[in-house]
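Which chain is which? They are A, B, C, D, E and F, in the order written, and residues in each are numbered from 1.
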């Protein structure tokens, strides 16, 4: 395609893109988008407790987590998944990481981007990622950064659902119906073998967001029968031709 | 039409609908919507300083303000304008007013509604109107209110732009391109003969919101060439099939 | 006991106390508290859609909703349930209602109180109830209100979980383990026959709050194995002898 | 004076003006202002615990509280003190109260006004007073309210210090040095015989606000040697000729 | 003068000081202040799109932007303008930059400072500048930093107007009448040849802030006839002798 | 004890732990906790004005501040005090500091932690410390950080009282009665010889927080007779078995 529809997910740790926006990924692939996922780390140190308890080495943990994420990406029909291997807890978000992510943004030219909540006292990797993404978005828009490259427009940045929404000050303003791709999301979730305790948690989330979708699309007077949904918070205002 | 697209504006004082969402009204009429405007008062006591300085009586002030608003409604191609004459400064938002507005909402069955910001220390009529509208929306959704009538679904409530946005804690999340109906909005503005000092103010607002539209629709990498826009804050989340 | 431990739930509509704090009620009854539930209305007009669709009359709706609530109260071992029948959508929270609720507060002398979130754009009955409860609490503390009666101390007011937490600006600061009374809560939920669509919704909520309990009580290093929990937001600061 | 400088304090209960802005009152009297205090109630039911414990009647409580307030007003050199006797816990802020307060505002034509914080979960009289004051200020500005009377300009509304500042969401943006009138404020405080427990509390507040004044006026590099201060939060922006 | 009145503007990119506080600069020069402007970068990469589209090199862009800024500084009668050349998109705000800015602050000893809003998702250079300025202000106040130098007092930090105020959470609490120096500000604006699209935008802002000035200085009862104004948000509380 | 109760205070500058949580330290020592204090710096450059005015050298200032802090620690019965000597104004919170603090956290295995407010425009060292502490807490919880070490559970992080609470957006949700250890806190305060001006300030704070304790523990109907208290803001929700 000369001008495909594209989207970019920036995930602090390997599995974040699955729990938090797996439905959006699969749905937009179905809608003809090419969705790229950039995993800044494998979540190897901080989000792989079971593997460490089993005595795996760092390289083993990273390999296993990478494999799980690749499997999940396949389940979601991801167009491209990239692992930046920046280390986790904490992420190294220095100049080199910045240059790489700006390059990815410019290469993808996303119509919209997805990343973490702006506050997370449990996990500062998440909130630092979002500020980092805003900086990279800004650089990608600069005509003087690598002059000659195609500059970025003004894609929306959606913040996907964090683990404890209220503690993060995250407020969804957009619910997306993912009913038709739910099976793909559940399949991707089940690729995350070290985190069984979250499988049902995020299934519950999807069901309850489905309820919220129905409430906000008409409620008891005929809200649409979405069974599963995902919620997102927009950073930037929308520009529209009709309310 | 058996099932026309409809919208409802609830304006505390007669002129509010002109300055704050005249473009949205004219544009949606053009898009085939039937837009109803409900003016809770004429703004006779609080927003007609010039007429009082000229020594007009209360009835004269109300008649003049009504006429101006009707003229503006014509300029905007408003489908229907209703004056509830609830008094202003302060509005009487008691049980009777509530019943009347619920009836209007049910009659119109709007796809979306428009009203004031949720906070306004300069003008408590504005903020009380918005809480009142939320209550009326809730009642209109109740199956047990006037059983047998068609109940309301879950229309969005957009809060239109107040006079000093930052003081009201109002934050637009939606910019609407009103370029193609700007002439109608300006004509409606010029119907407000007692408030000449606001004509250029709201022209400036429309131009600068046009700039914000361009910034958010692509910026220096090709934002759309909107010349005039209006901003709105959504109370409820959206439900969508594509981000 | 001459001085029993007591708690008071103030529920805008008949079923709110079940979904939102049924576990807290059953648990505190088990801990020796006497928990009183005051239902300000039956939710007859606004939260009984199924019954209206079936063609029931107002009196029938109220009777059915009352019966369901009484059944739920039995399931939860509620000490006392009172129906104030103030009407709903909107509630009539005038002087008479105020006097009655102050009397109940003084009679119960609760160690803590439970009510709704402070903001709810979907349902202004909820948010007006909370402001009303704060006013009644203040009056119950006044030495000059019905002098001679025992005045109220300074009980905490916990705000229980609303339907769409993030839209209400509700942030839980306290998670209560309700695992041992979950069966009672589920039984009470199943008394709400007109609202089947919420049974699994609130089961999901309880399970996911159980996850949050585990996270905040030790996480992957040994958080307690709570299976079900409820969340609450405190209005007032705690006074303690140990952090 | 043909055009004296004036200020208006609106105090929900009789003693509020003493603790919260007694210094501002005495200081502005000294600066040539005529400061009027409007006490909406005597705080007879809710803020006179000691008198009720002593078995006083309602009329006695009101008379005693009035006398204390008048004494305090004398100590502060108040220009005029008015008691509206609207009842307390809760205040009756209906149409009649509104008309009376609008009349006072127009009669005084204050350069600035003083009232309570915008939120107070302990005492809804306080927060309802502030919303009421904003409504009265709006009406007093309306050319169509009692046409022919002098309309109000746009005086600042300062919110004085509530009892537990952080719980009320109150943030001072202005510190006033009251060192030279501290003796008057302490004398006024000592008129409040039923509230001995607050004398030292508000002396501590004044001393610590003095520290804050010093910090913000130069700190360790030469902040002014204010010993006592009061803090205020502004509702409206300032208009200035120099930053 | 042995002790001149001084002010310091810290501008992330070359042109920010013009659009955002050009009026304040010109006015305070007229009032006898010596106003220093520190430009952290030329905005060469991120805010010079037109020049890059014309094929200029980095050095050319910087030279042109520097020249424009110097011209604008002349138009505004700036006392001193310094270019720190820290690079932009992103700024390098490391230790060296910090030391240089602390030196400037101590040399200028400003009565007040001006910088950016505290949040800006479009441009993280802006929000990082403000946190950086707070850190530099703190260091400049430390007696142990370069002992022997004159330490800084406690100057106000005013945050000037960002491009999309509501998106930045910026709320002005101070409006400054710049009518008498408007011609100078417009002349400075016209020095920014690469940003024609902003000339009228900021003229509109100045006119509308003039309206806000009038509203807040008396409104329809005689607000001052300011034609142009600028708005500012204060970070610190004021210390005053009169309200 | 094989498993003692422990707590950890992380103090940006040497004296912070004394003013802000000296009572909590002494009280928990008395309750059988082992409380460790980690001072990130001596506050040598920024909080030792008197010593610099006396002409002391950097080494002298640090030694004196260290001695004062050690004396205060003795007065409070601190279990262990550690000085990380990271420099102040600004603190160096780089990778090495991070590794050291993570080690301390893991060694102490605190039941709860104490640190600064999340915002402080006067002192960015304070707010950067709190974000740093959240990052260190996260790393200490990671099974992959120094595998084999005992990982951290999920201790509460309490934010102790900053100097100007309202300016920092700090809101206490917990008041601790420190009456029985007040003498120890005052003794510790008097170890801070360079900051006499704060001795009475923080005595006033403790007295007034005692008043707040009484208000929130029963008020005029029998609040507990605490004379001195300290306030804390919790970052994370509590997990409880009883409300």
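List of remarks:
The working rule: a residue touches a chain if its C-beta (ideal position, glycine included) is under 8 Å from a C-beta of that chain, and two chains touch if they have at least 3 such contacts.
Listed by chain with UniProt protein names: A, B, C, D, E, F = 4-oxalomesaconate hydratase.
From a predicted model like this one, the values you see are computed outputs, not experimental measurements.
Common neighbours of chain D and chain F, by the contact definition above: C, E. Between D-F and the choices B-E, A-B or C-F, the pair with more than half the same contact pairs by residue number is B-E.
A straight line joining the Cα centres of chain A and chain D is 52 Å long.
Averaged Cα coordinates give chain A a centre that lies 37 Å from the centre of chain E. Across the assembly, chain F contributes 49, 122, 141, 143, 167, 172, 212, 215, 220, 231, 236-237 as residues in contact with two or more other chains. Chain contacts in this assembly follow no simple pattern; the graph is neither a line, a ring, a star nor complete. The complete set of chain-chain contacts reads A-B, A-C, A-E, A-F, B-C, B-D, B-E, C-D, C-F, D-E, D-F, E-F. Of all residues in chain A, only 49, 122, 163-167, 169-172, 197, 200-201, 204-205, 207-208, 211-212, 215, 220, 231 touch chain C in the complex they form.
Contact residues on chain D toward chain C in their complex (touch as defined above): 44-46, 48-49, 52-53, 58, 61, 88-90, 121-125, 167.
The part of chain F that touches chain C in the complex is made up of residues 7, 24, 27-28, 31, 112, 141, 143, 151-154, 156, 158, 172-177, 212-213, 215-224, 226, 229, 231-232, 234, 236-243.
Across the complex, chain E meets chain F through its residues 98, 131, 134-135, 138-139, 141-145, 147, 157, 235-237.
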